[in-house]
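What follows is a set of structures to go through.
Below are two complexes that have chain A in common, paired first with chain B and then with chain C.
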Partner chain A sequence: MHDLIALTPLGAHKPRSDHHGGVSLIEITDVALASVAARLGREADAAALVAKITGIEAPAAARASDCAFWMGPDQWMIEASFETQEDLAQQLAAQVNGAASVTEQTDAWCRFDLKGDRLADVFERLCNADLKRFTGGEAVRTAIEHLGCFLICRSPGHVSVIGPRSSAGSLHHALLTAMKSAL
Partner chain B sequence: MIINHPLLGPRDAAEFVYKGDAALIHRPDGMAPDALESFIEYGYLRDNPAGEHRELWFHEQGDRSWLVVSRNTLTHEITSVELARDVARREGRSK
Partner chain C sequence: MTQKNRLQGGLIDRGQSYTFRFDGKKMTGHAGDTLASALLANGVRLMGRSFKYHRPRGPLTAGSEEPNAIVELREGARQEPNTRATTAELFDGLVAKSQNRWPSLAFDALSVNDRLSSFFAAGFYYKTFMWPAAFWEKLYEPMIRRAAGLGSLSLQNDPDSYDKGFLHCDLLITGAGPSGLAAALTAGESGLQVILADEDFVIGGRLNAETFSLGDSLGSDWAAQTVARLRSMPNVRVMPRTTVLGAFDHGIYGAVERVSDHLAVPEADKPRQILWRIYSKRSLLTAGALERPIAFENNDRPGIMLASAMRAYANRWAATPAQRVAIFTNNDDGHRTAADLHAKGVKIAAVIDTRPGQPISIDYEILHGEIIDTAGRLGLRRITVRLASGETREIECGALGVSGGWNPNVSLTCHQRSRPAWDENIAAFIPGGDLPSGMTVAGAARGVFSTHGALTDGAEAAARIAADLGQTATKPELPKAEDAPIQITPFWHVKDAKRAWVDQQNDVTAKDVKLAHQENFVSVEHLKRYTTLGMATDQGKTSNMAGLAIMAEIAGKSIPEVGTTMYRPPYTPAAMGVLAGRSRGKDFRPVRKTPSHVWAEEQGAVFVEVGNWLRAQWFPRKGETTWRESVDREVLQTRKSVGICDVTTLGKIDVQGTDAAAFLNRIYCNGFAKLAVGRTRYGLMLREDGIAMDDGTAARLADDHFVVTTTTANAVSVYRHMEFVRQCLFPDMDVQLISTTEAWAQFSVAGPNARKLLQKVVDAEFDISNEGFPFMACGEITVCGGLRARLFRISFSGELAYEIAVPTRYGDALIRRLMREGQEFDVVAYGTEALGVMRIEKGHAAGNELNGTTTALNLGMGRMVSQAKDSIGTVLSRREGLNDADALKLVGFKPVDPSKKVPAGAHLMTIGDPVNAAHDQGYVTSACYSPNLGHHIAIGYLKSGDQRLGEVVRLISPLTGFDHEVEVVSAHFVDPEGERLRA
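Our next item is the complex of A and B:
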């Protein structure tokens, strides 16, 4: 049995949280991720599978539901509790029946949640996404600090940034710097 | 320049990468007797029109879809944007 010490994307033992100007920047490490990409000709089956897993219709283009978001045409990311569903990709792969390709994504990404008012003021310094028009349920992929990141708007005062794990430090620095600059 | 993505709406051209003439969708048959000539043409020879041009763009910093964009190379006016997979299927390239 291996005895390995789990580290967060920022390299610490505990998730980091920062607060500035009424906005919290919180590292999220308790979510398992897996992508579901439809096979050619099985697009409807793949969407039905996402609906079955999440209990709600598969998100439309650039939209997110409570536990899934749209990544690209006929492709979705599923979110689940790491505590109870660490083997999310295996669970999904057992159900796809050839309709989709499932890929384990948990350790490919880092996630930072921003909570507070005036998030649009922060993100207008960081990316092209027009947060002022977001009302909740949007899922946009855009570049932040030259990194391809997903922006998931849970509600106008709560946005998740999901970016490449290997650049977690740079992404965190960019987010915190923008918060200090804008707020 | 703004590209009006068919699924996502207007997006800044900086999010995209130019991938060449849309004729690249029509990759020649590598097993045909004239494969060498057709691949030299496919790989190296391009029209360079001053005016309407159909081209491939990749939404790299976005949803990573490939688009066929009709653009005027003199004015940068974009007249149509479609998902490349829809174009390819319509032209019989992808089953």
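Our next item is the complex of A and C:
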């Protein structure tokens, strides 16, 4: 077991949380991510693999399940507990049997979860995703303050923003500014 | 000052009084007032000076089309020039100043321009200030700019913030007058997602400015009740203070919401304004109509305004510009103003109608005639009327309401290049056929002027839209309203006037229009530019029509034959701040931080922006007084022992698939198909046109798995290029790409002790000896007791070097560990400056050399372009012009006089040749001081450079006066044989 101490994307030892106007903004660092992209001609096998891993059908375009979301044609991101599956990519790679390419993505991203009742009011100041129509299970790629982000609607009162890790500070600033502006 | 011209009634809140100052004078108004209505109530008609002639002016309108009553609003950093007093909401403590006058509004020194008007006719500056030519820039232009002008900028940073936002709806309704409200009710009840936007702060449009009733209620009451009803519908968003500025592609509209402009200071953390991008499935334009004036002699005196504005001031704001007013009209609507003001107790001096046979009033005189002059230096005192009988009469009055008919507000219909169509019945342009996609127009905006017509038209249009979108709509219960027919006889200007103002904001007269015609600026677009008609901040909303009508008359054409100029967004002026949104100052673009950023900050690193990245440029130590001292130390210590640099910023692209090797063979100009697993290779990518695009390495981790690195600057563009190639050029290849730039923290560990240092952190089971892990090896390893990592034996510095990568979250811990374990080797951290020095010493190309104009041949890598396979750029790299015998070649330079610098960007000339572009021999791309060699060095491109080693050439920078001799040498200053990196 190695003894290197991890830093959060915001550069601290503990994830940050902020609260404003009934909405919580919480930095999430305990999720491992791995992308699964189908090999040419093995699209069905790759989808089946995602279904097998996650225990639920591979998400359709612009959709998310409990532990996977759609990233592009025949491409998904798998989410798992970092604590128990830090080596998620290796685990998946061992199961793909040539049906997909797996890439570790855990630390490519930072993630901020927003929880509260008026999330649509916040996100309309941030991106062109129409959150008012979201009921849960949506996954869209959108730009927030010039940053390409995934927006995963877990439920109408819970949205994850997954953005580029190196810009975590700027993304967090944008989210908190929008919360204070809109709420 | 008392509110001597305040009337009874109105929609203002008399319970709430506000104090405000105009040009230093303290006055009071009420909640619900605009600055203009409050000033009028206080007896102030003079609110500004005109642009060119400094003529005294008062408000012409009561809305956003205002050309005259333009002020500097607020003070200090919040001072905003060119604000329309007619739309500025009054708040307690408001401060406003008139513009374009000195020393005061009442006495303006530059009003002398008015006396010299014959020199300032249209196009005067094309003719008057031509000689001597040198005077234009130094004297004439500054003078004109000073004299002609709008408000002044505070020259301070805007203290407010602005948001940008995105809205989605089934139906966007622009304008909330009777037709907009009826439409919103219909659409809202049908279940559509509706946005109702209106620029005013009170919803209702003209309903708030008129006295007639809707059913049993006042128009304004019906509007208020309807808004309350709409606000109770969850699917309707009512947006007052929101101006739809432009109609863009695919049903997208831009709108500015003035969130805090009615407050002295925005609430904490709240924006002043929001720029909304509205995505609509359909849109309905119910923007109403704008009244147009009539041009006559001296028609611009303060107190002369549109009759509809006079009525709005009286009915909505309970203010009148004077206690004795006259009306000049060519249509029935002007008579409404007379009736309404009379009912409010204002004395009507006369109604002058250009049409014969108007019914007689028992309350005031109605004359058939036209106004031929006015008097009153700072405000109207008297009008001169020429009656149809030929007799002239002078009538005393302090204000004059003018009505020349109404123009449907077609601006937004034309933003996609549609041209409006002429409607003879109302003598006005109505929306043309080719509207922006998804747009419908209803009510007065399409010439349906009566209130009944507007209500019905709006409701019916909304019902059609709802049906079109699959919803059933029932027409709501609409109140009974006036349905007067339109009675108008076109009348644009009183003939033979010397100075009849057409465009009051840009001081264009009817005579200027004639002059334009006389000088052959006949096309409406030329007319506009020659006279500046319609080019002011009001975009000619009250003037364009009269201008082209006069042009039509002179040219003997019909008005539709003359046509209109192009309408463009924004509909009304927008603050620059709202266009920038949050992207300003330090938040202009997001910042990217490296995994070692926190640690580097602790070390006192000096950072440099590389794209959005912040990279450590050097790490100053105590006692070092210049950056060179730090950089020299970092370079020398790295070459002597070991140095560490965060190289995470280099792009990393994960390439997988059974065709991964074949794919890279297409991407890179050199061969990759046969690269062994566990090995890394330097690769050069060409653009399709044969020019070098980017370089880097590709490491083969498995048969079907590569990691490609790119330069920091090109990380995104190379990834985009590779995706294009994958998806569009070779869709049949089995290859998958994903960026992993941010997933791994990567450090270069370079120097003779690099291996020894790494052996202290790499887990023992991995052999990284020279034999077990030779130059250009790569592999997946573990460090520090089991953490997954990647190791690449590659060298940018020319030293024995590795790049080690761990998951990003552990990057901070790894550099701390390496620095700690490296203490016995006196390890240094080095920044981008030292990195640059070492790569120049080694002769490695970087962004300066891969500058978008250079080829593999120029880089000295011509033979790398494999002719045994096809790859992107190979064919076009063979072009004759790219393979000249004397092509530029990358070589090194050292100064003949070792004390001299060798500046990058300077050009190379052969000694004895003239110094000019024709004799240019090349240029220096990268230069630095080499602490290892003890003098400056450089690399750059020289014609046939590879054959000119040893030659002395001139290095010249005419810009900086640099002219010294340099010797052409090999670009590899340090370890040309490459022994160190293989050690």
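Just so it is clear, the second predicted complex is superposed on the first by the 180 of 183 C-alpha atoms of A that agree within 3 Å, B and C clash if a C-alpha of one lies under 4 Å from a C-alpha of the other, contacts with A are read in each partner's own complex, and residues count from 1 in each chain.
In this section, a contact is a pair of C-beta atoms (placed from the backbone, for glycine too) under 8 Å apart; a residue touches a chain by one contact, two chains touch by 3 or more.
Note that the structure is predicted; figures quoted are calculated from it, not measured.
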### Query
Once the shared chain is lined up, is A:D87 touching chain B (first), chain C (second), both, or neither of them?
second
### Task
Determine, under the contact definition given at the top, whether A:A62 touches first (chain B), second (chain C), both, or neither.
first
### Query
Can A:A108 be said to touch chain B (first), chain C (second), both, or neither?
second
### Query
Does chain A have more residues touched by chain B or by chain C?
C
### Task
Give one of first, second, both or neither to describe whether A:A143 is in contact with chain B, with chain C, with both, or with none.
first
### Task
Quick one: classify A:N128 as touching chain B (first), chain C (second), both or neither.
both
### Summary
The shared contact residues of chain A with chain B and chain C are 40, 128
#### Entry: chain A-touching residues of chain C, taken from the complex the two chains share
161, 163-168, 193, 269-271, 274, 277, 279, 582-583, 587, 589-595, 597-598, 612-613, 648, 654, 656-659, 704-705, 732-736, 738-745, 782-788, 806-814, 817
### Task
Would you pull the chain A residues touching chain C in the complex into a rising list?
1-9, 11, 29, 35, 37-41, 75, 87, 90, 98, 101, 103-109, 124-125, 127-130, 132-133, 145-147, 164-171, 173-174, 177-178, 180-182
### Query
chain A touches which residues of chain B in the complex?
7-8, 11-12, 14-15, 60-65, 83, 85, 94-95
### Task
Spell out the residues on chain A that touch chain B in their complex, using ranges where they run on.
40, 61-62, 70-73, 128, 140-143, 148
